[in-house]
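Got a structure for you, written out below as structure tokens; questions coming shortly.
So that you can tell them apart, the chains are marked A, B, C and D in the order they are listed, and the count of residues begins at 1 in each.
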Amino acid sequence: MLILALSCAAALLAVAALAVALGRASSATPIVYAASLAASLVLLVGALVRLVADPGQVSTLTLPVGLPGLGSHFRLDALAAFFLVVTNLGGSAASLYALGYGRHEPAPRRVLPFFAAYLAGMNLVVLADDAFTFLLTWEFMSLTSWALVVAHHDEPGNARAGYIYLVMASFGTLALLLAFGLLAGPAGAYAFDAMRAAHPEPAVAAIALLLVLVGAGSKAGVVPLHVWLPLAHPAAPSHVSALMSGVMTKIAVYGFVRIVFDLIGTPPWWTSIVVLAFAGLTTVLGVLYALMQHDLKRLLAYHTVENIGIIYIGLGLAIAFQQNGIAWAAALALTAALFHVLNHSLFKSLLFFGAGAVLSATHERDMERLGGLIHRMPHTAVAFLIGCAAISALPPLNGFVSEWLTFQAILVSPQLPQWGLKLMVPAVGALLALSAALAATCFVKAFGITFLGRPRTRAAETAQEVDRISLAVMFAFALLCFLAGILPGLIIDRLGPVVHGLVGEMLPPQSGLAWLSIVPIAAGRSSYNGMILLIFLASSATLTAIFVHRFATRATRRGPIWDCGYPQLSPTTEYTSSSFAMPIRRVFGSTVFAVREKLDMPAPGETRAAHFQVKVFDPAWRYAYGPLVRATTKTADRLNPLQFLTIRRYLTLTFSALIVLLIVVAAWR
Amino acid sequence: MIAPVYAVLLIPFVAALVLALVTNYRWGAAINIVACGLTFAAGASLLFVDRVRTDVVLIDDFNIYLVTLTTFIGFTTSIFSASYIGHELETGRLTPTFLRFYHALYQAMMGAMNLALVANNIGVLWVGVEVATLSTVMMVGIYRTTAAVEAAWKYFILGSVGIALAFFGTILVYLVAQEVLGQGLPAMAWDLLLRDAARFDPRLLSLAFVFLLVGYGTKVGLAPFHAWLPDAHAEGPTPISAVLSGLLLNVALYALLRFKMLLAANPETLDVGRIMIALGLISLVFAAFMLYRRRDIKRLFAYSSIEHMGVITFAFGIGGPLANFAGLLHMTMHSLTKSAIFFAVGHVAQVKGTQRMADIRGLSVSHPALAVGLALGVIAIAGLPPFGVFTSEFLLISSTLSRQPLLALILVFGLLVAFGALLLRLQQVIFGEPIGPVGRVKASYVPLFLHIGFVLAAGLWLPEPMVRWFKIVAAQLG
Amino acid sequence: MSLFTDIGHLLAAGMMILSFLLLYQDRITATLNVFAAQAIVLGLAVAWQAELQDAPHLFVTAAIALVVKGGIIPMALHRIVRRLEIHREIEQVIGGGPVMLVGLGLVALSIMLVFPVAGGVDSLAREDLAFALAVILLGLLMMITRRNAVTQVIGFMSLENGLVLAATGAKGMPLVVEFSVAFSILIAFIVFGVFVFRIRERFDTVDVGALDRFRGDRGD
Amino acid sequence: MALILDLLWQAVQMLLVVAVAPLVLGVTRKVKARLLRRRGPPLLQPYSDIWKLLHKEAVLATNASWLYRTAPYVIFAATWVAAALVPTYATGLLFSWSADLIAIVALIGTGRFALALAGMDVGTAFGGIGSSREMLIASLAEPAMLLVVFTVALLAGTTQLSSIAAQMIDTPVGVRVSLALALFAFVFVAIAENGRIPIDNPATHLELTMVHEAMVLEYSGRHLAMIEAAAAVKLVLYCSLLACLFFPFGMATADKSLAAVSLGLASYLAKILAFAVLLPVGETLVAKMRVFRYPVFLGGAFAAAALAVFLQFVSRGF
């Protein structure tokens, strides 16, 4: 299987080369996407088989490339298999979607080679088993995605997005490199096996963990390292955005899990507080920023930040429980996190596909200029609605299950010995609850403004439903969201071995239980059954409808909008995205983000139009990055005159340096 | 049939004389390429014939691959130069007379560098470096613009001072050596020096090293002795910028490292590693910040050369098998990559008719191949995988971390700052709406992509013998 | 023997004092003369070393020092100076006093550096070394305290005198003659070299400061 | 046989909540009117209202989409299922394990989601106002509600409603500070969620102040009936939650003997009617708030609930 996976990755690289070779040929697009689809599907099936058939098996392989004397190690265990599934589920879906969507691509030569290479990179990261190979593939992944982000370099802001993205990415890589350096020790044991064997003392483990939190976090989008994400993800073509948001952030999570749980093993318990703090912050801020956006893709990107926060809450809890020897709770938390990884990759890809469909149908990303699409694009609307419901954690869909598991893990917190954690965990739980509610608001806004109401522009009025392939992909993912929601037991059982390999414990098997319900801890404690809920909802809704239609009336008349008797108003009077978010902005705006509202109201009798302008700033820019940039430029300005000295002054520099060194020699001994 | 060791010296100098007489520039370029090709063949054949050792020349694990590398880059650069100067003649920046001069000097420089590399005698080494410097000085000034003249003058003055100081250091080394090895040539022979370094007077040896450090350090372009470097790169013909960054800096560093070996072999001496670390970090951070304010594309990459020389010096300052290995690898990778970048930059500057980055935009639209080459080069030099520079930086950072964690932080900081600047400029140049001329370019892509291909290959896999040499040398460097 | 060494010592010391004088001079013509004097002393010192080490080839070096540096180059410089009409006062960058103090410091430093060396190196070589080092540092100091290209050149040449002194002081050092020849070529480059010419063509001064107006990466 | 019996009890509960819902609404209105010195509508008025609406033809806006027409049923179904899963007269019913307290809160969320979307479907300013405010209230109330859930769940060591109720009955926990705070928070949340004064006024149609009514402004006929019914059921749902969490006495636990069940039924009806009386009393004492004072109101609830959780630990003293 490992050989197969590696050869598939190699095949993807070959596809990239082929894409370069094909150049301008019009056949390039279908060929490349079909090939990548095939490779990803093989990988997906293979990984699934491995995960279902014998997850316990660990296969390794060492190729005579990479670092001299080390070779590049590859390893396929349950964790890797799971993330291979996530990666290639997204990968194959993106490839398939692109078979339709990719036709609209203006500059395929800037996309095709990097797309395949990007897929290959992500798969290789998951398979890598030594520090060098890991970082190499990791940064290769960043590099190719950067190329995809700047594919449309002439659109405003994209180049900047790419710049910030790649700088942040290599910052993260350097942080990871430092972490690996710590773990490898002076001997330079870069193979993961060696790191597993070595048990770093707590201080080193803690520093390494924090470095990983920074390194992997900067790629996952943990606040305040998230600034690149809402810029870069929307900039890429939509199927790539789906990959970046749905899959690459998960690869980052994989990096964290792999290093922290597998390589470091035993970080001190207090590190979990740091992780939880950042996770909680990320969750709430992510969704709040998302609420403030009116660019559909950027909204989705910001919302990725929130979900990453949820995942990291699970991871932080897992660390806390594991270091306090409550393995079963650690297993619960980790299961929740990994389950959410899968879920988020499902509905976030779905939503980005939907956004891409809207984009290609209307050439608009700004929700303020959309509306009423449910009439023009009914199928897309259905799929998108399901995605929205899923990401808002509404039962009986999948988003709820993972959040429910996270809550269950949070409710174990009383068993933690440390008071810090005892109080920290419920607080994080409160943040999680808040973010869940806000997420619902966010997606009511996203769907309502985009698809409901009346079209606000000509583009929205004349939109056409997208091609069948794209629709097929969207509906497939919508279906998966349903299945994962009503049959969570199956997935939890698949996650069992993965979790067991990391925390030495796993949830009790679920699929055997009556009525397919899930019982993470004990029957008396908590249980959930999405299937029954779905049946209840469906049956009661239909029964009621039938009852009403049968015994009451089913007469219907179409009439103009009543609207409290106002005459038919122009769509401009509709509620807009920013007006929808206004109450939230009022509530949190003053504290969380620096909102600038500018109202220019003409005096009575004046004929000019009134203007209302809202500017929302991401405080991370104001307080962290702005100063950093200013400091850099300032230093550069300060040093710059050294380019313009006279020869004599340069000689003086040399001379003084020489004298200093001579004095050193004279002083020595 | 003469031994390849002497061939790499004879061919260039003979070619220099011939070229000084050839008037037709096409013939000149052709002969130049042929001569460089022969030299490269000779240099490569060194890998297969058995090692030579006399009082004057020496081939060992250290210089064997450097000779090959130097002759190789000399060869590729001569190919690039052929297509480059054609354009220079058309635009009339150079006249055939000057081209004779140019080609002759080119060969002289190659010969001198080979001499410095294969010399088994610190005096001959010094002569080689001096001749190479002087010939490049004249090529830097060859455009005769005020800026070029100033660059050359600056280079010349600073270089001469460096030469002088290095010579004093050489005298000191001889002084300490002749007490042990007796008077005459043996007291200047590398291998003997290295053999008996342990018995030398440590204090005078350290003093000597300080002078050699300042002297050859000027050639390496370490801050604060770097001043000549950016202007010399910016104002001279681009092939010369390529060999300056790709080769001359390496040769000077090679000289420095030879002497570092002597000190490493003598435990009593001053711990010069600290000094090299300090100089390296200063160069790295200083150059990294200087990158942000550059407007001239060639000057930009000149500063990036300073930055990387800083990294390399830092690596050797840290010492230890891993860091030294990283340093040697970085030397090689930097030469290949930086010369490749200058190949691309040269064509870009020619087709756009300017070196001001503000006047170069949207290269990826107007000249995709050049843009790809440039982008790959910059990505490689910025230390991103899967290129060789990443390998060396990986080794360097992680090994530094285990020795001196705080220094590793400074190193990472400097690299990140530099990366930010380089990426910023790269994006400005290759993205956006193209401005300036968009005409076709008569470029020779072979050298460019050949170099990048090698760097890429090295990033994924290093040939066994190379690793072995590096390890041996790394051990000697202590 | 001691007498011999004393003479050698004396000559070396004389060179160092002449370097001080160079540093002290602020009229260009006077500077040239002092330099010529230093070159002559160097020639004598080298000749003396040749006698001591009975290394006849050193006489060549001595001859070069005497003829080229003691004679030709100063004259050439005189002519250049007259051609450029700059035998007026030359401005110094730092005032004389501090420079003198720095010079003294340099001498002290060089003595500190060389003398405590374990006695393997025989006394003569050691003392010569100290003086040579001092001369080198003083020459460098002169280069950085002068604005005028000619005086900078002179500074460099006195630096190089120190080198030759050191080289000849090192017993049986091979290739010394070649080195001194090479250096003379280098200096010839500097003096008659294309650069002074081009500078002459382009600006009516050899004031190196004038070049600074044309520095790269300036403007907009 | 046992299975059939279980199904029966479950069915009883499902029908019960729907059956009593309009009655509860009627009681609140009647009491409200009385307190305001009005006679007020008859107790059973809500039944006939819904019946009437059901038989009227539904007028749809020209641009209303399928979502607009299906939403009412989804809303009703979600609310109903949620209400049916809350133990009313007996614990440990057949399907009680299929959803715990968290799931029930989320189910209410599902209904709300559909309602808010329906409000935006036609694309009027009022619909937008309504949805936007509804979601604001929800996003402030839901976390508070979940914290209440935490408090109770931590106390009972389970999130399973029946188990919680059972535990409360079997092992009387006594009066706890945290429980009191939780109760306080819960009442606030309930008021907000059901759109009662001071958050919203179900009786008003004054554009600028209405929330729930603004969303359903365009609805008519059976769709409106469904939504009204859903609202009533939601009120009952919160009442029974209150009863189950804080006043679980009288519930039939293990044995489903007719006596126990009837006792449970009686006590349940007594409880919710009591709440139905208390609610308007409270409402008449306070005035409707400005929209932007909601955060203060619900923030208080949130703070109380959070405090409840923390005190929970203290008093438990792990």
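Here is the rule we go by: a residue touches a chain if its C-beta (ideal position, glycine included) is under 8 Å from a C-beta of that chain, and two chains touch if they have at least 3 such contacts.
Small disclaimer: the values here were computed from a predicted structure and weren't measured.
Novice: Please identify each chain that touches subunit A as well as subunit B.
Specialist: Output, common partners of subunit A and subunit B: C.
Novice: Counting C-beta pairs in contact, does A-D beat B-C or the other way around?
Specialist: A-D
Novice: Once you find the CA centre of subunit A and the CA centre of subunit D, what distance in Å lies between them?
Specialist: The mean C-alpha positions of subunit A and subunit D differ by 35 Å.
Novice: Can you give the whole-Å distance between the Cα centres of subunit B and subunit D?
Specialist: Here the centre of subunit D sits 78 Å away from the centre of subunit B.
Novice: Where the CA atoms of subunit C average out and where those of subunit D average out, how many Å apart are those spots?
Specialist: 100
Novice: Express in whole angstrom the distance between the two chain centres, defined as the mean CA positions of subunit B and subunit C.
Specialist: 31
Novice: What parts of subunit A, by residue number, touch at least two of the other chains?
Specialist: Residues 643, 647, 651, 658, 662, 665, 669 of subunit A touch two or more partner chains.
Novice: What parts of subunit B, by residue number, touch at least two of the other chains?
Specialist: In subunit B, the residues touching two or more other chains are 153-154, 157, 161, 165, 203, 207, 230, 293.
Novice: Could you list each pair of chains that touch one another?
Specialist: According to the stated criterion, the contacting chain pairs are A-B, A-C, A-D, B-C.
Novice: For subunit A, which residues count as touching subunit C in their complex?
Specialist: It is residues 643-644, 646-648, 651-652, 655, 658-659, 662-663, 665-666, 669 of subunit A that touch subunit C.
Novice: Using the touch rule from the top, collect the residues of subunit C that touch subunit B in their complex.
Specialist: Contact set of subunit C toward subunit B: 113-114, 116-118, 120-121, 125, 129, 132-133, 136, 140, 143, 152, 156, 159-160, 162-163, 166-167, 170-175, 178-179, 182-183, 186, 189-190, 193-195, 198-199, 202, 208, 211-212, 214-217, 220.
Novice: Where on subunit D does subunit A make contact in their complex?
Specialist: 54-67, 73-74, 76-78, 80-81, 84, 95, 97-100, 102-103, 106-107, 109-110, 112-113, 116-117, 120-129, 131-133, 135-136, 138-143, 146-147, 150, 153-154, 157-160, 163, 207, 217-218, 221-222, 225-226, 291-292, 295, 302, 306, 309-310, 313, 316, 318
Novice: So in the complex, the part of subunit A that touches subunit B is made up of which residues?
Specialist: 64-69, 131-132, 135-137, 139-140, 143, 150, 153-154, 159, 162-163, 166-167, 170-171, 174, 177-178, 180-182, 184-186, 188, 190, 632-633, 635-637, 639-640, 642-643, 645, 647, 650-651, 653-654, 657-658, 661-662, 664-665, 668-669
Novice: Which stretch or stretches of subunit B touch subunit C in the complex?
Specialist: For this pair, the touching residues of subunit B are 123, 127, 130, 134, 138, 141, 144, 146-147, 149-154, 156-157, 160-161, 163-165, 167-168, 171-172, 174-176, 178-179, 183-185, 187-188, 201, 203-204, 207, 230-231, 234-235, 293-296, 299, 358.
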